[in-house]
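When the chains are written out, they are named A, B, C and D in that same order, and each has its own residue count from 1.
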Amino acid sequence: MSDLSVNIGSLRLKNPVLAASGTFGYGMEFTPFMDLNELGGFVVKGLYFSPREGNPPPRLVETASGLINAIGLQGIGVKRFCEEILPQLRAYQTALIVNVCGENEEEYASVVEYLNSHEGIAAYELNISCPNVEKGGMCPALKPDSTYSVVKLVRSVSSRPLITKLSPNVSDIVEIALSAQEAGSDAVSLVNTFLAMAVDVDTKQPKLANVFGGLSGPAIKPIALRMVFQVASQINIPVIGIGGIMSGEDALEYLICGAKAVEVGTSNFIDPETCLTVVQDLEQYCQTHGISRIEDIIGTLDVKQ
Amino acid sequence: MSDLSVNIGSLRLKNPVLAASGTFGYGMEFTPFMDLNELGGFVVKGLYFSPREGNPPPRLVETASGLINAIGLQGIGVKRFCEEILPQLRAYQTALIVNVCGENEEEYASVVEYLNSHEGIAAYELNISCPNVEKGGMCPALKPDSTYSVVKLVRSVSSRPLITKLSPNVSDIVEIALSAQEAGSDAVSLVNTFLAMAVDVDTKQPKLANVFGGLSGPAIKPIALRMVFQVASQINIPVIGIGGIMSGEDALEYLICGAKAVEVGTSNFIDPETCLTVVQDLEQYCQTHGISRIEDIIGTLDVKQ
Amino acid sequence: MKKDSRAQITRKESWREYFLLSLESPAIAQDAQPGQFLMVRASVDTHPLLRRPFSIFSAEGKSVEIFFQKVGLGTRLLSEKQEGDTIDIIGPLGTGFTVEKEIKGKHSALIGGGRGIAPLYFLSQKLKAHGGTARVFYGGKSVEDLPVRERFEKSGTTLSCATEDGSFGTRGLITEAFEAELNNGFTVSRIYACGPELMLKKIAEITAALNIPAELSLESVMGCGFGACWGCVKRIRKGQEPGWHKICEEGPVLKAEDIIWELGNNE
Amino acid sequence: MKKDSRAQITRKESWREYFLLSLESPAIAQDAQPGQFLMVRASVDTHPLLRRPFSIFSAEGKSVEIFFQKVGLGTRLLSEKQEGDTIDIIGPLGTGFTVEKEIKGKHSALIGGGRGIAPLYFLSQKLKAHGGTARVFYGGKSVEDLPVRERFEKSGTTLSCATEDGSFGTRGLITEAFEAELNNGFTVSRIYACGPELMLKKIAEITAALNIPAELSLESVMGCGFGACWGCVKRIRKGQEPGWHKICEEGPVLKAEDIIWELGNNE
């Protein structure tokens, strides 16, 4: 048995595999398929302070090896989450991370303040990068200053480790990651989805009611991996890699590029057991390659000069 | 027979289908598969002033529904092009567009000045967006000011229509397109490839000798289409849509989103007849939908309010 | 709800673009209820990415059947599978048709349009098992779109067919055939239907006017099928609240009166 | 060079992970030369994206054959094709082996490692047709890696086999078996080889030392196969100039002395 545990700042994970926000429901949806205790952790669906309606359907469209979604963060709001869901989740011995949303900086802060007083949450993931809420995909993670400002505020009210989730829809993701680091974020996770669209040529209408949505899945992996490598080479806080992971091999690419952990997203829909398969694949890889601690392979990309 | 012709500024194309630079060689490679005269036009492989070695192999890696390349613009340089290739291409009645490269602004200008005096070229496509040349993917198209500056200079020396080719690796592609327009570009084409990478987990080495490469193919279509729609809605000069086109349906998505023409890239490798199939598909679509001029469907996306 | 990544195809029948596959999957077969569905993986590696939803055509012993029409890449790949191949399925999923105890001795109409016939065979069997009687209305463009009518006939179910081109049964839409029967004095205590949205909307109107309880099986683009993606929502009433609710959980079968027929939702 | 999008599989043979397909494609068969290759489309829609290169195993009358090993997704999809199915191929491509007039009465050695045997059957037939004699050295890990040895035997070609585990022929690498023969006084005027790079490099060393002309068939990742992508380059000499040259045009068969064996290139 190899040691698969990793540390994301003060947060210790039993293995580096997390389920990504918005693709794992509130966790309980996956209990028919797995023992949640075997996960490194999971990030619940993005929560605003109040419940949200989300976007009208169609909300999903498939593309080549990819999926565009425009759910629009439909959700039950932070209060119902704490009343109805959190008590069930406390039964599990795995890192529960809450994905925190806000229409403005104050809302992010009030979600975190509300959650602070509830037990059983391991960390917050600050979702400043959802492209589906505002038309045109605007969000704080597109600019260093808006990133800095919201992270700084939330960091000041948060009693728990803070992971800032970055957007890939930028020229220079390293610059944004540095802003998050400077503002006190304990880690960054990347990437959220790529702003995208698709058209029905017979009706001449967008295939999504919201026109734009976020592209995820294997199609985006090569771009997301590049971003993770760039960010991990330039910042000091831990990086969590996200984008198109369906197998242990995919996860290993991210770890080798410098990610301390990964999140599995879209693949949870296709094979709800993906997260566990990835954990098993990592274990297997360590055995085969004689690696006693998974941490030893993080950031070991062998770049010739 | 519907009228498939379109105008890109003063450049008249017999149909809106061009072959994209770097995926169609110098044109002659495709004569076994088609009559080049049936194309709207084609863009030859990027040319620097001098011949270039390109990057060491491996230069290609396949990903989910995509291809990463790091050719590094290997090429024969502008002089040999004019001596050896151009005379053969003059035999064809189709728009020949030269993709112009440069290590600095002066080189772009000297390539264009050299070509100005040679007959048989319909337009220049300014490649300020190749991610494979500098490590880390730097290029003028990442910033509005560097875009403005090189376009302005080249526009001042060019005797032919100028199409500026944009990079998708930016936060705000509309801003870059506006800079190109302001600097006098006659049209913009988008997108070039997405900066990407892949890792061999057994050797822990990057799968490309150059580490980074550019992602193309169907995987990127949803993002590229979104960018074309955004740019076409905001600028006045014509837009040429590029990214993942393999069929007439793909091309139609771009036209409906506002592209006046499209370029077919990676698909030329897979089915060297793609460009012609797309032309036939467009003709068929026009017949079925009773459209007499293809220009009538450009920018007709039906977005509900 | 179980995942069975190696359900074996034990029998395959095909008619032009329609296919019926028998899958050996004991745990799923045992739990299945009429109106529930499976999520089937049809992809080669990463493309097409998502599973595809199919109603359960029948469940008996160790086997479940699915009946589908080839309409795109996923169904094409599935149609190329052979007997002996295995496929990866998740199920049974969703909320199916309700068959209450009071159905005993009562008469139901089951209306299926095209591939929408898929969940109605299983339902007809269950209704009979509970002592009810069922009459099935089965419509399509042409006789070729009614491939499974013999399954109903063999099981002794009364079947009325309609085709748009008149090549089999009455000419016209199946809803017209159904309305004509109602006008002829045909009475039912319950209606179940599955098919194109326009057909379902029409049935909702008819049954609302006559005050007959109706259950309709809806389609929706499904990302996961088990409540995790929030992709499959439609505007429906759940208790008092109209809102975007998940069709893979609250449905695919819904009470007609709970469906809100509005633009961009169910049309 | 032609594209044939409907080449029919008229015969399929298979051994564990090896497959031999006979494809009816008259125009391509007619032009094919030993050492040339086909680009074969194995994708479902957009994935895996690129065509796959395969040497021409034989060309006779209206048919070409390919022989391949299942190593990944593309070859797996291809291995699942059945007799009667059609596939989309482009060919013949590249520069094959040179068989000069002077070959008449001369003796050649053909060395193939694993799936590298693919182009050598066609070559052995051509050599014979030109009045030369050919001895084939065929190596693999185990006897199961030598599935097409009977094709050579049937055609009356002298065959020497080697397996790493000693399960057939001499034990060891095929290059060792070949060297042993040379040491035993075996003389050849020309050597042709195809197989893993390490094997080819070894052969280049042996033949350089003995001053025997050798032609080697290289592999490379190919984006197009017909000179359009510049993806397949290796460092080779072309005339005086060493540079990155396209293997799909200058090769896949190259004179041993034109190949520059350097790190990141051919190893």
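Keep this in mind: a contact is a pair of C-beta atoms (placed from the backbone, for glycine too) under 8 Å apart; a residue touches a chain by one contact, two chains touch by 3 or more.
Fair warning: this is a prediction, and the values are worked out from it, not measured in the lab.
When the C-beta pairs in contact are tallied for A-D and for B-D, the bigger tally goes to B-D. When chain centres are defined as mean Cα coordinates, D lies farthest from subunit A.
Averaged Cα coordinates give subunit A a centre that lies 47 Å from the centre of subunit D. With centres taken as mean Cα positions, subunit C sits 36 Å from subunit A.
Computed centre separation for the pair subunit C/subunit D is 53 angstrom, with centres defined by C-alpha atoms. In subunit A, the residues touching two or more other chains are 64-66, 209, 217-219, 304. Counting only residues that touch two or more partner chains, subunit C has 45-48, 264. Because contacts link each chain to all the remaining chains, their graph is best described as complete.
By the touch criterion stated above, subunit A contacts subunit D in their complex at residues 64-65, 304. Subunit C contributes residues 1-3, 41, 43, 46-51, 88, 90, 220-224, 226-235, 243-244, 264-265 to its touches with subunit A in the complex.
Every residue of subunit C that touches subunit B in the complex is listed here, in rising order: 45-47, 264.
Residue ranges of subunit B in contact with subunit D, taken from their complex: 22-25, 29-30, 32-33, 45, 53-54, 56-62, 64-67, 69, 71, 74, 209, 217-219, 246, 266, 268-273.
Interface of subunit D with subunit C (complex): residues 44-48, 73, 77.
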